[in-house]
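Below is one structure; the comments refer to it alone.
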Amino acid sequence: MAETKGLKVVVIGGGSSYTPELIEGFIMHHDRFPVTDLWLVDIPEGEHKLRIVGQLAQRMVEKSQLPITVRLTTNRREALVGADFVTTQLRVGLLEARIRDETIPLRYGMIGQETTGPGGMMKALRTIPVLLDIAKDMEELCPDAWMLNFTNPAGMVTEAILNHSNIRAVGICNSPIGVYKWLTSLYEVPMERIYAEFVGLNHLHWVTQVRIDGESKLEELLANRDGYSAKNVPQYEWNASFIRSLGAIPTYYLKYFYLTEEMLADQIESSAREGTRAEVVKRLEDELFELYKDPELAEKPKQLEKRGGAYYSEAAVNLMTSLYNDTRDIQTLNVRNQGILDFLPADACIEVNCVVTKQGPIPLPVSVMPEAAKGLIHAVKTYERLAIAAAVSGDRGLALQALAHHPLVTSVNKAEPMLDEMLEQNKAFLPRFFAAQTV
Amino acid sequence: MAETKGLKVVVIGGGSSYTPELIEGFIMHHDRFPVTDLWLVDIPEGEHKLRIVGQLAQRMVEKSQLPITVRLTTNRREALVGADFVTTQLRVGLLEARIRDETIPLRYGMIGQETTGPGGMMKALRTIPVLLDIAKDMEELCPDAWMLNFTNPAGMVTEAILNHSNIRAVGICNSPIGVYKWLTSLYEVPMERIYAEFVGLNHLHWVTQVRIDGESKLEELLANRDGYSAKNVPQYEWNASFIRSLGAIPTYYLKYFYLTEEMLADQIESSAREGTRAEVVKRLEDELFELYKDPELAEKPKQLEKRGGAYYSEAAVNLMTSLYNDTRDIQTLNVRNQGILDFLPADACIEVNCVVTKQGPIPLPVSVMPEAAKGLIHAVKTYERLAIAAAVSGDRGLALQALAHHPLVTSVNKAEPMLDEMLEQNKAFLPRFFAAQTV
Amino acid sequence: MAETKGLKVVVIGGGSSYTPELIEGFIMHHDRFPVTDLWLVDIPEGEHKLRIVGQLAQRMVEKSQLPITVRLTTNRREALVGADFVTTQLRVGLLEARIRDETIPLRYGMIGQETTGPGGMMKALRTIPVLLDIAKDMEELCPDAWMLNFTNPAGMVTEAILNHSNIRAVGICNSPIGVYKWLTSLYEVPMERIYAEFVGLNHLHWVTQVRIDGESKLEELLANRDGYSAKNVPQYEWNASFIRSLGAIPTYYLKYFYLTEEMLADQIESSAREGTRAEVVKRLEDELFELYKDPELAEKPKQLEKRGGAYYSEAAVNLMTSLYNDTRDIQTLNVRNQGILDFLPADACIEVNCVVTKQGPIPLPVSVMPEAAKGLIHAVKTYERLAIAAAVSGDRGLALQALAHHPLVTSVNKAEPMLDEMLEQNKAFLPRFFAAQTV
Amino acid sequence: MAETKGLKVVVIGGGSSYTPELIEGFIMHHDRFPVTDLWLVDIPEGEHKLRIVGQLAQRMVEKSQLPITVRLTTNRREALVGADFVTTQLRVGLLEARIRDETIPLRYGMIGQETTGPGGMMKALRTIPVLLDIAKDMEELCPDAWMLNFTNPAGMVTEAILNHSNIRAVGICNSPIGVYKWLTSLYEVPMERIYAEFVGLNHLHWVTQVRIDGESKLEELLANRDGYSAKNVPQYEWNASFIRSLGAIPTYYLKYFYLTEEMLADQIESSAREGTRAEVVKRLEDELFELYKDPELAEKPKQLEKRGGAYYSEAAVNLMTSLYNDTRDIQTLNVRNQGILDFLPADACIEVNCVVTKQGPIPLPVSVMPEAAKGLIHAVKTYERLAIAAAVSGDRGLALQALAHHPLVTSVNKAEPMLDEMLEQNKAFLPRFFAAQTV
C-alpha cells in the first residue's frame, strides 16, 4: 500500500476511565493500524482526570516500545488538525447529569435510564449540540477524517451528525461485540467462525441469526433463554415462551420495553438501596482513578472490566483497522438506513451488519426482519427523530412531542412537568433552549 | 341507469339495538338507494331481540309507505342468497364477553377497553373467525355483494376479511362522521362545505386538515382543545401545549395512549362506581328494548342517541348509496393501504379518506402525515397483524407476541397469565385455539 | 359560499388561435365560474394576433351579455397582479421553431415530433425557462393563483414548475378528455356515467379501465382496436393481437414507440408531400386568423375544430370550475407522483386520475398497473428528468444524456451532432446554454 | 472446520469446450475447495463431445495427482444425488439454434444477438424450461446444493429459477471479473486492492466506482474511453463526451443500446463477410475439440482463450470457494434484488456487488445509482419479466408483449411475424408453446 506515514488519532473525552482500554487496543494492533500521533483531548474541567489517564497511557506506550507519541490537551482544535480518526467518548455534564437523568423520571413513575426513555432524551439534548460543534471543527480542520462516535445515546447522536454535518461518521457500541464474545465463549470458537445478524437501532436490536460455520444455533439459544447481559442493565430472566415465539434474541436493553413494570420496580428498589447506576459508576470510577495514579502501573488494570463498557476498545480498533485497510469484513454498526429497513426514512440511523470498506461501512440487507419488532423500532425511531429535531432547534414543543411518543412515557400530562423539570435542571447545558429566553 | 330491480340488503346482527337507526336511514334515502328486500339476521340465541327490533322495523317501514319488505330470520345462508349489500353489526359472546374484555386487563393493571388494548384483542380473537365464516358464505351465495363491516375492532376485522377471503368489504366506523357532525354544528355549515383529512387506523386516527370552503380552521381548533368526544370514551381534556405542538386533532380513543395513566385510573374508579362501560350499555339496551316493544312506536326513539353509536346509520347509508350510485364523493373508511402510508404493508387496513366509486372506495394519498404519529400507528398495526394472525391460526404464541408488542401492555411477564385467563374465559368462542387440545 | 367578488383569469399566450374556445368555455360556465376580469397576454411579437383574437373575444363576451371585462396586454406583470387563475398556452419560437423540431431529427433518421423524441426535447429546452420566469412573476404578483399549464411538452414543463418554483400548478392536456368524448359518442352516455382510468405520463398514457355505470367495457374495446385518434398524430391501426395481449388502450402518441418504423416512414413521406405537421398547422392558423378578423363574427368558428386541440377549452374550464368550487370530481391531470407510481420519484410529474379539491388535485392510486408499461414509462421519465435538468442548467452534457437515453434515439454517435445542430438553430431561445459562451 | 468429507460437484453441460478451464480452476484451488467427486453430465446428443472433453479432464486431474475422481455420464439424475455444487453451462439447441437467434432478427432489421434483443428472448424461451427441470431434480436429489448458473441469458434464467423453484441458485457471468482483470493489468495491482462497484442487470451493467487502495480512478478511466471489450461483442469506440457526461463505465453489451444503428450495420456487414458470431464460434470449437483429442494434452490449451468466455472458470471457482468457506468477500453476481434497486420488484434478478457468505451472497446497497441508467434498466427488466413469464407459461401473447417492450424492437407490426418465425423454427425446443396445439 502506498501510504507510509503514520496515523493521527484524536480521542475526544480522553480523560475517560475507558481510555486505557483504547490504548491497549492501539498497542496490540499496531502492525495493522500504525498510529503514531495519539491526542487525548478533554475539557478544562476534566484536565485533572486527563492528566492521570494520560500519564498512564504514556507509561503503557513506553512499555510497548512502539513509535507512538501521546499528547494531552484541552485545546480541541489544535488536536484535530490533520487527524485521520477521531473518537468521541464524552459525557456532557459529567456523572452529575447522569444522576439527574436516572432520577427525575423515576419521580414521575417512569423508567430512569441513561440512554433509554426520558433520561436518554435529556442526554441527547445536552450532547447533540456539543457533537455538532466537534463535527463543525472537523469539517474545517480534518475534513477527510472518520469520526467514530461512542457517545451515547450513540444512535441518536450519530444520526444528528450524519444529517447535520458533512463529516464521515460511524456510530459504534460495545453491545454487538458483546454478543459475539458471549457466543465465542459459549461455543468455544473464534469470532470469525460466527455469523450473527443484528437488526434494529442502537440499544434496541434483535439478533435474528446465529450461525457457527454456517450452521444455525438460533433455536437452541432461544430454548436456553438465559441470554447475555450487561453490567449497566439489571439481570432479568426473559420469559421463556415469549422468547421462543419471538424467534429472535432481544438485546438486554429491550427489557425496559418488554418488562417495563419489573424494571421500574427494580430501579426504585435499587436506587433506594445503593443509589442510581450513575452513583455506582461514580464510585467505581473514583476507585479506578486511584489505581491509574500509581506510577508503577503501565497496563490496563483488571478492575476496569467491572465498569460496563467491555470490548469498547476492541470494537473501536477493529473498526478503525478495517476502515484503514479496506478489510471488507462484517461489523455491526450505526449507519444511515438507506432503504435497509424499508419502513424507516432513508436517513435514519440504524444498527445493522455492515461491510467495512475504505469508503466506509456499507449496510447489509437484513435476511430476517421479525414482523413483531417493526412497530417498536418505528415507535422508538419516531421519538428519536423528534428528540434530535428538538436538540438541534431548542424547540420545547418538539421535546414534548418526543416524550409524548416515547413508548415508555405513560402520560402526556405528566410528561410536560417532567420535561420542564429536566430542562430547568440541565439549563447550563442547553443554550439552544434557553438562549432565546435570556434576551 | 339501466338497473331497475330493487336492492337486497342483509343486516347480520339485525337484533342489535342499533337497527332502528339503520331502518330510518333506508327510509330517508330510499329515492337514491332503493332497497326492496331487507333481511334482518341473528343467531338463535338472539331471536327474542330480533323479534322485538324486527317488528319495530316493520312498523317503521309500514308507516313510510315505501315498497320495502322486512324479513326476520336466524338462517343466515337463506338471507344471503343474491344479496347486494351485507352489513355486519354483531357481538360474539354478547355483552357478557365485553364485560370480561373490560375487566380482566384491569386486574393486571392495564387498560380494559372493548376495542383498544388486551380487551380489543380478545374481541378480535372471538370475532374474526365468525366474520370469516360469513365471508365464506358470501363468496358462495352473493359473490358480488359488498360487505360493510361495522363489527369491532372494525379495522382488524376488515383487514382479516380483505386478506383471508375474496369478497368485497369495507370497514366503517361512526367516529369520522362524528367529527364532521361536530364541525357542522361548530361552524354551522352543511357537511359538503367541510373538508377534513384523516390519517391512521380505526380508533387511532388524527385529523390533519379541517377546511370550510377551502379555508383552514385547524389552528383555531387546536388552540381551542376541547375537542369532540364519544359516549363510550371518558371525557378528558387534552393537554393544550401537547395538542398545539402535535399540529393535528387526535381521536378521543388516542387518550388511551397519550393519557394512559389517567384513563386507567378513571376506569378503575368508574368501574367501582357504576360497573364497566359494558354494564352501563347493558342497562341502556334493556331500557331500549322495553321501548321497542311498544306496538305504538313506529320511529327511532330519541333515547337511542345515548347508546354511543351516533351516526352509524348515516355513515352506513351514505356508503351504500355512494357505492350504488358511483357518487365518487369523499368518505373516511377502512380500506387496504396500497401504499398510501408507505411505512405500512400494502395489505394493511387503514382509516383514511377515500373516493367512493361503484368499483369500491379508492384511498386518497394523505397530504399531511404527522411525523410524530408514524411510530404509534406502526406499533398498533404491528400488534393488530399479530393478533389477526393469531385469530386465524389459533396460535397462542402469536397471541402472546401481539400482547407483548401492544403499546399498552407494560410487562410480558404479566401478559402471559393475563392471556391464559382471557383465553380460558373465552374458550367457548375460540374453537381455533382449543380444538387441537381436545384431540 | 362566502366569496362574492368575481374572478381574475390571465391567459398567457392569449393571441393563440385556441383562445376563442376558452372564451366560449368561460361564457358557457359563467354561473359556476364567475370570471369578471379576463386578461389576454402575449409577447410584443404576437401583438398583431393578440389584437385580432382579443377583439373576437370581446365581441363574443359582448354578445353573451355577461359582466366580463376582456383586457389585452403585452405587459405580463401588469396582468398577473392579483390573478386567481393563470393559463399558459404559448409557443416559444412560434411555429418556425416547431418546423425545426419536426425536421432536424428526420435528417438523422429519427422521429421528428413536437412533443415526443428529440423535437420534444428541443421544445422543452426553449420553453421551460420561459415558464419558470412566469412562475417567478406569479410567486411575487399572485402567489395564491393556480397555474393551468397547457404548454407542451406539458408533463415536462409542469414537472419543472412544480420542482423549481413555489406556485400552485397543474398540467393539463386535451388527450384524456378526448378519450371521454370518444366514449360518450361510442356508448351514447353522458361523461358522468363513464369511469376511465389512466396511467402514465403526458402523451404516454394507457387507459386501463373503462366502465359505463360500473360495468367494464374494456374487453370489447380491445377487441375492436380502431381506437381513437388525434388530428396531430397520423391514423394507424394498432396490431390487434398486440392490443389484446396488452390489456389496455394506449394513447395514440404511443404509436411513436410501438410502431416507430412505420411512423418514421410516414413522417418522411408526408413531410415530402405536404410539409411537416407544423407547416400544415401554420396554414390552418393563417386561415383561422382570416376568419377571426371578420367583425361580424362573435362566436367560435367551426373550422377551429380541425386545429387539433379539441376540448382544450372544456378541459381547462372544467378544471378551473372544480378548483374554484371544491367539486371533488375525478379528472385526468398532470401532477406530482407522490408515490402513486412506486417506481418513479415522488416528485416526478405523472398523468393520472385525480380528485379535484379546492386545495388542488389529489392523485388517485391506480387500480391496474400494466406490468408491460412500467419500463417504457420509466425510460421516458428518465429522459424527461435529464432534459428538465438540462433546460434548467443549460448543461450540454445533460442534454446529450437525455437524448442518449430516449427510447427513440438509435445512436449516441448521431445524437451528438443532432444535438449540436438543434442547439445552434435554437440559439436565440437558449440563453442558459449560450450565455456562458458569449462572456 | 468440522466438515471433512470431500465435495461433490456436478457440471451440467460438461461436454462444453469451456470445461478444461473449470478443471484447471478446481486443480489450482484444491486446497481451499477440496472437490473429490466431479461429475460431467451431458445429453445423449452431446456424448461424443463429453467423451473428448471428459478424457482431457481426466488426464489433467491425473497429472495434478490430486484425489479427484472425474465421472462422465448422460444420466443427470444419477449425477445430482447428494451434490454440493452444480454448475450449468448448456446450450439448448446447440450452436445451430444460436445461428437462428443471430440471423432471424437481422432479417427484420433488428439486432441479432445471442443474449440481447429478440435472439436473447428465443434463447430464454428454449432454455428456461430446461433449467427449471434441472432445478426440480435438485429439489429432490440435492436440496441443499448450490446451483451456479452460467447459462445465458444468465440473468433471466437465474430469475426464473429463483422464482419458480426452491433451490439455492446464483447467476454468474465472466463480464464483471473481466473488468477486474482489465484493471489489474492497467494499474498493475492485484485484484484485492481494487474496489469496483457494478449496478444493473446481467449484460446491462454500469461500473460506477473504481478505486485502487481506496483512491478513485473513475475520472481518469472515463477520460480515456477505450474501455475493455469482449470477444463476442464487436469493438466500438465509445463516444467520448457521452461517456464523460454519463459518469460511469458501461459494459460493452450496452453498445447494442447506445449505438444500435452502428452495431446493426456491423452485424449485417460481418455476417455477410464471415457468418454470424455463432458460426465463428462453431469453427473455433471444432478446432478446440481437435486439440482436446490429443492424448498427450493434459492441460488447458492456450487457444481456448480466443473462445470468448475468459475467466469463467476463475469466477466460478471463486464463488464456490467463498460459499464453501464463508469467506465474506465481495463478488459481482446475479441475485434477487430485495430492494437494492428500489424501482425494480424485490424478486427481480440484478447484477450487483455481493458479500458471499456461507448462507449465500448478500447484495450490497449501491452507493451510486446513475439516474440516466434507471429507465433503460427498467425497460430491459420489464422485457425480461414478460419473456420469463412467456417461457414458463408458453403464452404467445406474453412473448409478443416481451418483444413489443424491448428497447431494440422498432415495430410491433414487425415483431409479430418475427416472433412467429422464431417460434416455428424453435418448435422442437418449445413444448410449452406447442404442446396445446398438438392435442
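A, B, C and D are the chain letters, set down in written order, and residue numbers restart from 1 in every chain.
Criterion: contacts are C-beta pairs under 8 Å (C-beta built on N, C-alpha and C of every residue); 3 or more make two chains touch, one makes a residue touch a chain.
Here is each chain with its UniProt name: A, B, C, D = 6-phospho-beta-glucosidase.
Just so we're clear, the structure is a prediction, and the values are computed from it rather than from any experiment.
Visitor: Identify the chains adjacent to both subunit A and subunit D in the sense defined at the top.
Guide: none
Visitor: Could you state the distance in Å from the CA-based centre of subunit A to that of subunit B?
Guide: 45
Visitor: Which whole number of Å gives the spacing of the CA centres of subunit A and subunit C?
Guide: Chain centres of subunit A and subunit C, defined by C-alpha means, are spaced 56 Å apart.
Visitor: By residue number and range, which residues of subunit A touch two or more other chains?
Guide: Subunit A, residues with two or more chain partners: not present.
Visitor: Chain pairs that touch, all of them, please.
Guide: A-B, A-D, B-C, C-D
Visitor: How about subunit A: which of its residues touch subunit B in the complex?
Guide: 109, 239, 241-242, 244-246, 258-262, 343-344, 371-376, 378-383, 385-386, 397-398, 400-401, 404-405, 407, 410-416
Visitor: Inside the complex, what are the residues of subunit B that reach subunit C?
Guide: It comes out as residues 1-3, 193, 195, 209, 211, 213-214, 326, 328-330, 338-340, 342, 355, 357-359, 362-365, 367.
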